[in-house]
Every structure is written in structure tokens, then in C-alpha cells.
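Naming follows writing order (A, B, C and D), and every chain is counted from residue 1.
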Amino acid sequence: MLEELYRETILDHGRKPRNSGHLEAATHKADGWNPLCGDQIRLFLIVQDDTITDIKFEGCGCAISQASTSLMTETVKGMKVVDALALFEKFHAMVVDGTVDELDGLECLAGVREFPARIKCATLGWHALRSALAGEEAASTE
Amino acid sequence: MPCKSDERSAWRCEFPILDQEVNGKPLVYLDSAASSQKPRVVLDTMDFYYRMDNANVHRGVHALGQRSTEAYDNARAVVAKHLNAVHTDEIVFTKGCTEAVNLVAASWGQANLKPGDVVLCSMAEHHANLVPWQLAAEKTGATVKPVPIHDDGQLDWDAYLALLNENPVKMVAIKHVCNTLGTVYPVKEVVSEAHRVGALVTVDGAQAVPHRPVDVQDIGADFYILAGHKAFGPMGVGALYGRLPLLRAMPPYQGGGDMIRTVSFDGTTFREPPNRFEAGTPNVAGVVGLAAALEWLASQDFDRIEVHEQDLLASATEALEEIPGVRVLGKSPGKASVISFVTDFAHPHDIATILDSEGVAVRAGHHCCMPLMGRLRVPATVRASFAMYNDNKDKEVLIQAVAKARRIFS
Amino acid sequence: MPCKSDERSAWRCEFPILDQEVNGKPLVYLDSAASSQKPRVVLDTMDFYYRMDNANVHRGVHALGQRSTEAYDNARAVVAKHLNAVHTDEIVFTKGCTEAVNLVAASWGQANLKPGDVVLCSMAEHHANLVPWQLAAEKTGATVKPVPIHDDGQLDWDAYLALLNENPVKMVAIKHVCNTLGTVYPVKEVVSEAHRVGALVTVDGAQAVPHRPVDVQDIGADFYILAGHKAFGPMGVGALYGRLPLLRAMPPYQGGGDMIRTVSFDGTTFREPPNRFEAGTPNVAGVVGLAAALEWLASQDFDRIEVHEQDLLASATEALEEIPGVRVLGKSPGKASVISFVTDFAHPHDIATILDSEGVAVRAGHHCCMPLMGRLRVPATVRASFAMYNDNKDKEVLIQAVAKARRIFS
Amino acid sequence: MLEELYRETILDHGRKPRNSGHLEAATHKADGWNPLCGDQIRLFLIVQDDTITDIKFEGCGCAISQASTSLMTETVKGMKVVDALALFEKFHAMVVDGTVDELDGLECLAGVREFPARIKCATLGWHALRSALAGEEAASTE
């Protein structure tokens, strides 16, 4: 089970998160907060013509939240907003209910499902994404 | 697990405490309005929790912490379902009914009551749904006014409407079922009239939950409150239902762990409800026990309970009134199985002592309803309250014991 | 009842929960600072109470009510004795440590804090002994100021003296033992300096009571607070010790039954402490369980507990520091058996998950001490806390599990 | 046991309390309050030359509190204040600890000892007496 959680991809993204940093010209941004551990991230997006043209995030946290956010940014960059939101639903279904669909390489996070205490870590970045796109300032996995 | 003897209440065997002698006589427990007994499943659930799962919640990544968190969150869902709340987040766990009213009176009161505002409390209110409002009124400059009741305990409806129309009423505090007389208040109608003038309603459901199904959406209550220990659950736990938009707009009540988002000496921010109102380590075992009690209750046939309790109420009332010098108070139609009486031969405390020597547990006193005692012009009453685990045999012992008291004092 | 294997802690066998597997491994419970486990005698006492005596207190003339009342009043005497209070009436039962601080901050605060007054809280305070003061300050116009601490967790004594001398300090809030670092604060000296300038002191003893004898008279504390569930007792119960003249002068906190003398719509009067501060039906079973826990604790040899825990602390600290990349925080002299550490290879939550998969329960996070995390410049720590029921075997599993985490993440 | 509590003397004093009423010229008075039941009595005394020359009480309550207060007034009327206070101690010892001493006919209340819930009823009048003599306005059996 532990090996399912800490797969090589996750350890790698956890250690070297992609798209980390600040976006001065962000059109959307939101903070994500996990009440369980207090982890906090800040997400910046540039949306043009309903498409996520750039995305970055700041903040430190556990390997799962960092890797999941890193993978999320890689996946949604260049996506239509509607497609990103649809992907969120699929991702959520995977880590919460175990329904694994085609997920653009996010399947490596399916193991989180067996660790209920860590599901909120895996969804933190996604909640922030949804809030940012909805024009809200903050998201929490409460 | 059917009971051995079919002369006894079908529910009795699930309550291990009832099977004992006190003062050399079989226990006849008629004090459930003060605190109900607990079915075996509630006791076993709590004991199991402490022996297998005990840990703090919302904090631990480890297995016990996770199991405790799941049990705690699940209990909230059970309470929400039992009351038919819209959202699970509308349920706040407290240490009891009294604390729940204090939470509303302090938090909502502080944010909403202004000098001149009026809070209406029925004259029959339990001190728990009156004193917190007096304290809130004192801090905010609001006034608490009584809603009169009739001799039989029922609300004086015309007076209620007049009070609503003639005062800037912001809150109405009313019980659903009276712990002293058993009166069932028309809370749905009370709410709709209050809402008509823009007032909110806090319904004290402490005595309703053990006797009947409750639907907060149907009632339309803004706040609805229950006590674990009166509803076959453990002591030290209660629940507050509050409509989500109201809870969201309320400031914190107590400060501490788990209710905060960030803490610093420069300023602290708070979580959303229900967490905002649950500071510190909760009574996880208590909450888990409360959920077990409500699930047990929901699995019983409420119609059968009602028929059983109403039979006892009717026959006990009749038999008591046949004893010369006994006067039963507050016989309103449709009331719950709670009987308050006084006699012309002895003070309620002396009666309670005689009854105790016969194994019968009743309560004598003002039942935390001093204004109601004043209204009924009695210093105290004897109260016999019947739960589903009581039966005809209990009733008969009660009647004989009251007759004995009469012999001693006359 | 001596333990079967003499390799294990002599206390272990009294804690039934410890004898289980989680995630296929024997449970190693190192999260007692979050919530301690309960010895069998505590669980049996509570279960027995519910199965034999359950009733409301201070109200019933009947046998069960009388037994409950005696058990409840006796529990107050047990707590008073455990803390060496002068009067039994100096003990107020609450639902927990957090509520006890809120009671003091709201009731004493409201009556005594004025705009400009200062409340000092150490930077290491648990949110429970900080946020209630912030809420009270907000309502009264007072200010909460931090008392700095050194890198090892100890109080910056010179800064403390300077703060006392340079501010109109009315209250100092300090913990006795730190839940995060184990630091033992010199509460007796803190009190005597505070009293010198006329300030009072609220000592948060949540983490002290499980580890050491406490003497409130010797400390000189004005208020001293404990949590049942951290001291081998049940959840949902705590106690506040307050010097009687202080309690007597304080207004009620919550309103309701049992705290009143007379209630009427014209005005309500209140009882003396402790009753004034105990509104509503108390958690009798919880209070009885707390008394059982403190009596159990008092019957143990505290010197032996101390030697045992200090051995574990020293050897665990040493072994952890031998693992490359591990840094143990706050190693002040004389500290209690609580170890917080961070690593350069993984985030505390990831470590806790790995440890859990090895059966080891630790806590990862800010431990309700966000300002302390800021001060130590870490977002979170892993915390392993040792109680008397832990032993060398537990420690070894911990060390191996941390080493495994390092292998996974490096 | 019950017969020990409700002896004939007690029932009699309970039904027809002696010295019941008001004393306009009271030099001392106090209210007694029993938190268990809310029973309240008001005691009036005239003390001259350290002697209780008159005593009366008002208020209703249970047979035990009425009878005990009635018996108390009968017994202390004409007594020196110090002797009345000494008698209180003996009475208290009897109903709380069961030490029965010579008690001027108050022994009939010894049965209360077996009824812990009623001890406060039996001592209510006495507490009020002590408070009144001490110059306090109120006594409670709290």
C-alpha cells in the first residue's frame, strides 16, 4: 500500500515541483488551505479565451500535496477551463471513490484513496484551482 | 433480543440498569425527563470506542486518529439525518442542551441584539432556554419578555400574537415539549408567526427528541437543540442545529484548537461552521454514543412508542386522580408522557422520599422552571416521567406508593 | 495485575487498547500528548456508573440521584486533593481544558479587563490558552502581547520581566508543560513575578498533570486548568481550579439549571462557586471517570514514572539524532517526554504516514501552536509523545520507522 | 427506616409548625435556602442580653424542614446564644455523622441520617439561625 502512495513519480514531483513560483500577471488566483495540517498553497493562473495559458504555485507542504499540485499544473496548462473543471471531477472521483477513468497521467495518485487522512493533501491544489476559476479568493478542503 | 417476560415493556430488556433493586425494592425509574437511561448498544459503543479507537480527531494521520475522525464525522451525519437538517454542517456538537442555548444566545445575540430589542420566552421555559437570554440581554441592552401560558400549560396564543405585533421581537425561545407538564408546543406555528415579523426562533427540543420524530425543516426552526442524556445517549454531549446562513454569519463562541484557521499575535482567523463553534478536543466518545442512541431510536417504531407511552400516561393520570387529595397539573391534549402533580397531604419532597423507599424514582422540585411554578402557584411538584421502557407494572407501583404516602401523612 | 512480559512497561497491561494491531503491525501509540489512553479502571468505572447509577445530580431525592450526586461531589474532592487546592469549591468542572480557559477569559476578563490592559501569553501557548484571551481582549479593549521564548523553548526571562514592568499587565497566560516541545515552564517563578506587579496567572496544566504531581498552592496559580482526556481520563471533561475569592467575584459564564438560586422575568440570582459556573446537567459519568483516572494516577509511584519516561526521552532523542537529516527541536533541561522533530528528507505528514504504516501513531502538524511554529521557523513538526505505558520496544519501532522513512524519501 | 424518618412528632410539627409567623421587632433575621429543592424560610429573632427571647419563622417547605425548624425554635427559645450555637453543632453531628448526644428532644430527627438527600432539609432552619446570629442576611445549605 505504501508503495502505491509514494510512487517514483510522486516522490519526484514532491521533491522538484514543476511550475513553482509566482505569476505577476495572473488573471486568477486563490489560496488553498488544508485544515488537517495547516498546509497552504497559493495558485496563480493566466486565463485567455477560456484557456489556461499559464499556471504557477507557491507554498510548501507534504510530498502528496506538492506532487499533486505539481502534476495538476502540468496537466491543466493549455487546457480549456471547462475541461480542467471536468478533470477535477474525475480526479476527485478517483481519490475519493476509487473510480479510475482516463486521467492524463494523474492515475499515479490513485493510491491516495487507501489513505483517507491524505486525500485532502491530494486535492488541495485542485480545490484552489476551482476556487481561482470561480473568482473566489480562498479554498479549503474543509 | 426479546424480553423474557412479556408482561414487561418490550424495550425494557435493552436497558441493563433497570434490572436492580433499590431500598430492597425493584427499581421503578420514572425520572427520564431528568435523565434517560441508556440502551446496551450505547454503552457498548462507547466502551468499544475507548478500548479500540480512542484518539484525538481532525489532527492525526494515524489509524486511531483516522478511525476517531470518521466516527466523529459520521455522528454528525447521523444527527443531521435524525433532525432532517439540510446540511451536515448545520449540526454543532456541544456539551449539552444548556451549552447549545448559551452558544446561540452569546454568539448570535452579541451580533444581532441591540438596545430595545425584545426576546420572547414562554413562561414555561426551562432555565436553560431563559437564563442565557437574560445574560445576553444584559450585555446587549435587549429585554426578555414572558409569553403567558394557560392553566393547562398551553401557550396563550393571542397574547403571543399581540407580543409579536407590539414589540421589536428579534428572537423567540420556546420548548418543543415541556419537561414539567409534558405540554407539546405548536412550534411550527410559533415559527411561522415569528418569521412573519422577522424574528427568529430557538426551539429547545431536549424533551421532544426522546418522544417523537423531529423534522427541523418542517418546523422551520432557526435553531433547534437537543441533549444526549435525555435521548438515551450519554451525558456531556448535546447538539445544536442552526440554519447554515445563520451559523455562517455568527462570530465564534469559544476560542481554541480546531476552530481556527490561522493563529498569530497579529490576528487570528476562524474556520467555517460547524468547526468555528467547536473549540478544543471534542467529546468523541460522547458524540459516538449519541449517534448510537439516535440510530437505535430511529430503528424503533415511533408509532408503537407513542401508543405505549400514551396508554401509560392516560391510565397513570386517571389512577392518580382517583387518590383523594392528588391534583394532576397541566392536562393539555396531546401532551407527552410526563405527569406533574401536587397533593393536599404532603410536600412533593416528602412524597418523593416515600416513593423512593418503595423503589420508585421520581423528581420533586421546580424542575428548573421557576417561572412556571409561579404561574401555576405551586412551590414544587412531584414529576413522574415515562419512557418507552416503563410499563404498567411501573405505573402500578407508583400508584400504590402515592397511596401509601397519603396514608402516612393523613 | 502485573504484566505478562517484563520486557514491556509495567503500566502497559492496564491499558487494553494498546494490545492491537494496526496496518498489520502491533500498535505503538506515541500520541498521548494529543489524547492519552485510559486504564481499565477508568473504563470500568464509567461503564459501571451507566449500568448502575445513572441519574441527574443535585436534583433527585431518589437512590440513583443520590448515588450520582455523591459520586459527582466526591469527584470534586478528588480533583481538589490531586491539585492540593485549599477548598473543594475551588474546582469547577468543565467540558475540557479549552472550555476552562474560555470560562476564565470570558467571566474574569469581562469583569476585570479594561481598554489598555495587557494580557501576556507566551509564544509557546497552545491556541486554547491564547485565542480565548484574544476574544476577551477584543471585547474589552485589552491587548494580548507575546512573551518571547528562546530557541530551546524556554521563556525569555528578561523579556518577561521587562514586559511586566513596562505594561499594565493584568493577566499572564502560560502553560506548565509544552505539548509540542515538552518544555517545563517555571510557573512558580512566573507567578511570583506577576503577583509582584499585581497581575494574575492562568496556568494551562493540560500536559503537566499526566507527567507530574501538581500543587497549585505551591505554584501560587490563580487559575489552573486540566483536561481529563490527557490525564488518562475520559473525553468531554476538564477542570478549572480558581482561587475562591476570585471565583466568588466572577459573574456567571453560562446560564441554565443548577447555577441559579432564583429565576424570574424580573431578575435572576445565582449560586456561589463552583455551582455558579456549572450550568446544566453535568457530564457525571465523565467526572466520575476523571476522578478514577486521578486516583489511579495518584496511586502510582510518580518518581518511577518520571525515571521511566526520562529514560525513554533521553534514549529516543539520542537515537533520532543519529539518523542523518533528523533535527530534534527544543531540548531544554528537565523537559517532559515529548519529542518534536523535523527532517531534511520529508515533510512531517509524509513521515507520519510512513510511521503509521509501521503501526506507529505520532502526530504531525502545528500541534495547535502556530505562533510557536513561526518562532521555530518550521511549518510543522513530527511529535512523538511518551506516556508511562510506552517502553523501549515502542521506541525501537519508532526509530526503525523513521529510518525507513528516510530510505523512502532519500 | 421510613418510620424512623417520619415519626409522629415530626409529622405533627410538619403539619402544625410552632412559632410560625413574623416578628416586627426582630433584632436578627436571616433567610435560609435549600438549593436541592428551592425551599426557603425566613427566620426572625429577638436577642436580649445574649439570650434568644423570641423566635418565629415564615415559609413553606417539606415536612422535614418545617418540623425541624419548628422543633428548633421551640428548643432555642429562651436559650443563651452560645448554647444555641453549641446545640447546632450537636444537632449537625447527629444528622450528618450519627453521633447522638443529649439533645433536648431533638433526637427524633436522628432518622434523617439514613436519608442523605434530606439532611439539608433538616438543617435548613439551623443554618438560618446561625446566619441570623452571625449578622448575615442569608444562609444556604449549599
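Just so we're on the same page, a contact is a pair of C-beta atoms (placed from the backbone, for glycine too) under 8 Å apart; a residue touches a chain by one contact, two chains touch by 3 or more.
The structure displayed is predicted, hence computed values, not measured ones.
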Label of the chain whose CA centroid is most distant from the centroid of subunit D: A
Centroid distance [mean C-alpha coordinates] between subunit D and subunit B, Å: 37
Approximate Å spacing (C-alpha centroids) for the pair subunit C, subunit D: 45
Multi-partner residues of subunit B (each touching 2 or more other chains): 23, 59-62, 65, 262, 349, 353, 364-365, 370
Contacts with two or more other chains, residues of subunit D listed in rising order: 36, 38, 117-118
Touching pairs among all chains present in the structure: A-B, A-C, B-C, B-D, C-D
Interfacial residue positions of subunit D with respect to subunit C in the complex: 33, 35-36, 38, 116-118, 140, 142
Touch list for subunit C against partner subunit B, complex: 16-17, 20, 22-23, 27, 29, 31, 34-35, 37-38, 43, 46-47, 50-56, 59-65, 95-99, 101-102, 105, 121, 123, 126-128, 130-132, 134-135, 144-146, 227, 229, 234-237, 252, 254-260, 262-265, 268, 279-286, 349, 352-353, 355-356, 360-365, 368, 370-371, 374
Interface residues, subunit A side, partner subunit C - complex: 1-2, 5-6, 11, 14, 36-39, 60-64, 66, 115, 117-118, 121
Subunit D-touching residues of subunit C, taken from the complex the two chains share: 58-62, 65-66, 69-70, 261-262, 271-272, 275
Of subunit C, residues touching subunit A in the complex: 23, 346-350, 353-354, 357, 364-366, 370, 379-380, 408-409
